[in-house]
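Below is one structure, written out as structure tokens, with a few remarks after it.
Chain lettering (A, B, C and D) follows the sequence in which the chains are written, and residue indices restart at 1 in each chain.
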Amino acid sequence: MAEEIAAPRVRARALDLPLGRFRPGRFNAITDVAGVRVGHTTLIEGDGPLRPGKGPVRTGVTAIVPGAGNIFMERLHGGGFVLNGAGEVSGLTQVMEWGLVETPIMLTNTMAVGAVSDGVARYMVDRYPGIGDEHDVIIPVVGECDDSFLNDCRRMQVGAADVRSSYDAAARSRGATSPPPEGAVGAGTGMSCLGFKGGIGTASRVTGDGYTVAVLLLTNFGERDRLTVAGVPVGRLLPAPDMSAAPPAGSCIGVVVTDAPVDAAGCARLARRIGLGLARTGSTAHHGSGEIFLAASTTCRFDRDGAPEAGPRVAGRGLDPLFGAVVDAAEEAVLNSLLGSVTTTGRDGNTSEGLDPAVVSRLLAEAGHAGH
Amino acid sequence: MAEEIAAPRVRARALDLPLGRFRPGRFNAITDVAGVRVGHTTLIEGDGPLRPGKGPVRTGVTAIVPGAGNIFMERLHGGGFVLNGAGEVSGLTQVMEWGLVETPIMLTNTMAVGAVSDGVARYMVDRYPGIGDEHDVIIPVVGECDDSFLNDCRRMQVGAADVRSSYDAAARSRGATSPPPEGAVGAGTGMSCLGFKGGIGTASRVTGDGYTVAVLLLTNFGERDRLTVAGVPVGRLLPAPDMSAAPPAGSCIGVVVTDAPVDAAGCARLARRIGLGLARTGSTAHHGSGEIFLAASTTCRFDRDGAPEAGPRVAGRGLDPLFGAVVDAAEEAVLNSLLGSVTTTGRDGNTSEGLDPAVVSRLLAEAGHAGH
Amino acid sequence: MAEEIAAPRVRARALDLPLGRFRPGRFNAITDVAGVRVGHTTLIEGDGPLRPGKGPVRTGVTAIVPGAGNIFMERLHGGGFVLNGAGEVSGLTQVMEWGLVETPIMLTNTMAVGAVSDGVARYMVDRYPGIGDEHDVIIPVVGECDDSFLNDCRRMQVGAADVRSSYDAAARSRGATSPPPEGAVGAGTGMSCLGFKGGIGTASRVTGDGYTVAVLLLTNFGERDRLTVAGVPVGRLLPAPDMSAAPPAGSCIGVVVTDAPVDAAGCARLARRIGLGLARTGSTAHHGSGEIFLAASTTCRFDRDGAPEAGPRVAGRGLDPLFGAVVDAAEEAVLNSLLGSVTTTGRDGNTSEGLDPAVVSRLLAEAGHAGH
Amino acid sequence: MAEEIAAPRVRARALDLPLGRFRPGRFNAITDVAGVRVGHTTLIEGDGPLRPGKGPVRTGVTAIVPGAGNIFMERLHGGGFVLNGAGEVSGLTQVMEWGLVETPIMLTNTMAVGAVSDGVARYMVDRYPGIGDEHDVIIPVVGECDDSFLNDCRRMQVGAADVRSSYDAAARSRGATSPPPEGAVGAGTGMSCLGFKGGIGTASRVTGDGYTVAVLLLTNFGERDRLTVAGVPVGRLLPAPDMSAAPPAGSCIGVVVTDAPVDAAGCARLARRIGLGLARTGSTAHHGSGEIFLAASTTCRFDRDGAPEAGPRVAGRGLDPLFGAVVDAAEEAVLNSLLGSVTTTGRDGNTSEGLDPAVVSRLLAEAGHAGH
């Protein structure tokens, strides 16, 4: 089974949360940056006890196409940052050295990184026949979190077809009139965050200069006790779970995209601010958490057969509004990943509880948020 | 004038803030780690218009002696991290390469780093006659923030005598029966943070394993609009200031010390978590902010004339409680730096407003914190 | 076709090169470190024009098992360094964060990293049924260079079976009475270096303290003009090639293993010295070169279910002999990769010329090396 | 005593060494990059036994003004790299974060870094009255090596007057018709390198595109046994010294300047290649060696009151000739620092032997270099 799910969901903004002063973009999503598209392939199969190699399956693939053009030929300036390196974004080393993003950015589960990387390589080789001949070989960018609490990660269920379907879903989403699906979809299908069901979350901000800064996260980090929603310690205010909660460790892969013309060094600095947003929701960057972040600018290109585009750059203190926007959008994207997810049961009956928007709303009201 | 001021102050804990689940140490201060001592030299002189090179002076020096022994001979494992490098901790490169702290850690204002470094060098040469002969030369560790909003930084007021007096104050504080002074003292005298008067703040936590983890900060970062106290957006809830507030940029130097036996790589990871605590109070790590952090373990030594001590280490998942403790203590240390400061007027009548504990208390109550 | 080739070859030492003062280990190879094993799977198929996706094939897989025990359960302290990041070692981020090596280290061609990573994941899941259940998921360590000058990299020829065969070859090599094959074998099959046929090379040194330090390289870097053999500018002394030489860019993956008890931070410092050895042979770390290095200590373990081993460590100035040994062994390993290779023709008749030992010997003699 | 010495000296190029294919610039020196100037203050005083705090003195200060304009207002893009961090370049963190050089680059001895930093701060405050008011405060860039083998480093002999005199010497050198002094001058006065007298060395290259790439080093690293001159193992070919040679550890600070328009990330990559040149002369980057490098581009500016200059950039593979030029110029600069120095006796009669050009010439001839 490989399908796209549009789960019923609430977004954080519906709860009237006070997250920063910048307004969100049209969809409050990474797709608010012109040209950026997102596609998911969600893999759900079987129930009951883990039969290693046979399921149950709760995983998927998410494809982010970070620009409007042909990312292979029209490479974007970008950068990365590792807050805690207990994880993997294949291709990160090259992104950081060259300051360039030249492949789509894929997300999946830990044990599927190789298969997805292989799938992207095959896909790009088909699409760009000159790879390895007149063009350089490529190194796919594939990030991961560990969904083995819900998913039979030994199944190695993800394959080249899933890569293509997620990429095709992204391509088809051009001109979408809603934000991309969030929560338990694509790579987020089996993830848990801050003691609840997590997964995919996104948010955006428009700065006073009119630049859009947008974040997409794959959330799988933290412990329930620290869950903080718009400053309210929701995790501590809730009763202890009556089912065994998701384990405290995990990871978070984050992607920032902006249409501000920011060079590679500036992109790396944008990426570094994602962690500050996660911290506001309760992250302590656990030992076992791969908190790894990428950033790209859609308006700073370095064409494969050309030279870096010359042009004005947002730099120096001009970056400060973008930094603030990253922190706010990252915080909201975590909440969207939680509020966008429903309770999910996976292998061995392990259950990751969906964070109930009504409960959050009540706790926020008690904390006087209506008055803010 | 060079004296120690024990300003009237309130500590965050008095407001019954819910900051994490670990209990603080005896004094909720960096001095809770056995052997760690702190001394301040506070320099206040003159008022009125800036007469470059003549004052007014609002600055100082803070000395942290990070272990019980002779730090030069009984070097401690340590590490560092740069969240945003628009600042300076001289000696940081060697701390990170060798994983060792072998001098006291000094804090002061930006333009005084050279003078303080020189003062530490002179002090240590006097005290350890073998430096540069049978012993290696040393590189002092001196961190800075920019206090030029209140202080005539062109005065270059800080000298070797101030280094010695702060160090001597630290030495004298052995056996102190209260936490070290906070707020507008020592290096914190002229600093501003999140739109209010900042400076020195400290806090500690004791983990379930009985380890003490403690943080001391020199806070000079952020903008009022983002000030967050225990999750409550105090900065936005307050009326706009009726005086010109401190400027939004700045820096934050942070120091973690623990008695857990953590090796150099682990110390670097502890240092990296300080930024997550700052984020919870409103930091977005501005372009112009030097957010630079150090960590040391008092129970992992590498004696100058010996070999690294062998012994059990806290490592792997065992670090997670320490990580959480750093985040919580850093958040609380920011609040202590604010609540421990009083309104301070400096050069040109520039005024940095003290954060009023009563106002904070009221806003927390309105946010339902009594119910937490 | 997937077989192991023991090509006729000469080793640098046979030319009586003066490379440092330390003596080599028994085999002058990475396998001199007790427990370390190496296995190759060499893939050669077809000739003539490139028929994208169909060949010719000149590639392979090399497996390095970096310790005597079960590397998954008996993890080794390790570290890494990126001299120039235009390449990939998947899993590097985690090695650097945790200071641990917990999988075999695999080498292959760029476009096969995903497939090899997937193959290792499958292999380890079969072997350790608890992965993703009572044990953490794993992130395979897979390094690459680009062999597309000789190889149809679009073929994606490498698969899980090749991973297993290289790993099995490593396992079978226990107790080998010769160094592992070098040159155009395994991952080195299609690589070129400094204008000649490169590939796999290894060398070792024994320090005065009796520690063995050994290096294995996958060489695919540099331009002929800069080829330097034991200080003699062989590249410039040779006539220009009468065939189109291998292109100047490329990469070099390097692995150091030692039986000295060196902690994670020390391993990272060992890794950093590999580049100094490459420089002596002519590397300038081209823009397009992935010069990425790993190190591990076989006597510093951190068992999966335990704590880090306590014990004496080689640290501080005690590392200096190890640093020198890394530089010397890396220089010699480059030469072994060249002298161990024969002229190889691949896709489109592209030919990478084997460096003729007789010619090198003559040039060395003319440079007075007999007198050294 | 504080004077400039123009010691009798030979430059490596006079020995007809084959160091790379690019031609040097006019003076084969860092001053070949338009606008770059160098000034030295050399401090020599007393002889005989060390009387701590009283001498003998063998030290100094070197000032590098990295651009033609007002470096404070017309900031240059730049970057840095730490090969081994057992040393100090104050201000490095900010150079790396902002990718900007905004002060002169000073060199001195380890224990004088604070005093020189303080001197630069005072100098700039005098020159730019707006510092700390309408302009940001500054963090001086000051690198060091340890000259305590020859110098009474406890003397703390260096002061603000020496900073000014070295800076003034640089200013006066505009329009010089010879390369700047090398060897035992300025900061190089008391340094030793590869078992001989070292100090200041410089060299330059002009690439095929007409860009000048130039290096200046303060050399104080390595052991005699590894001294390599143009590939010839001179250190091993020489008889053992009949006097106690300089100790094996030390440091090397390196500065690259180019007139190629290279952005901050590119500058950091240029800096990283200096170590490859050092390696060719015998560096193994000892534990105690601070091998720290900086780079700046004189044609990529970011004015203090403006925005980053837009314009074409040398990037991607276009950097490769610059990389090669850095490696070659760094190798030659080491040799110039050695050949430019004469035997120097300092405290306690400690003597650092000058490398005799005639001996080197003979050894090179025996190695057949005439035939190259």
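Rule of thumb we're sticking to: a residue touches a chain if its C-beta (ideal position, glycine included) is under 8 Å from a C-beta of that chain, and two chains touch if they have at least 3 such contacts.
On a predicted model such as this, the values are computed, not experimentally measured, just so you know.
Most remote chain with respect to chain C, judged by CA-atom centres, is B. Interface comparison, B-D against B-C: more C-beta pairs in contact at B-D.
Our note on geometry: chain B versus chain D, Cα centroid distance of 35 Å, whole angstroms.
With centres defined as mean CA coordinates, chain C is found 45 Å away from chain B.
Counting only residues that touch two or more partner chains, chain A has 84, 97-98, 269, 287-288, 316, 318. On the chain B side of its complex with chain D, the touching residues are 50, 52-53, 82, 84-94, 96-98, 110-122, 125, 129, 131-133, 136-140, 142, 144, 146, 148, 152-154, 156, 287-288, 290, 292. Contact residues on chain B toward chain A in their complex (touch as defined above): 18, 20-21, 83-84, 225-226, 228, 230-233, 236-237, 248-249, 269, 272-273, 275-280, 283-288, 316-317, 319-320, 323-324, 326-327, 366-369, 371-372.
Of all residues in chain C, those touching chain B in their complex are 97-99, 263-265, 269, 302, 307-308, 310-313, 315-316, 318.
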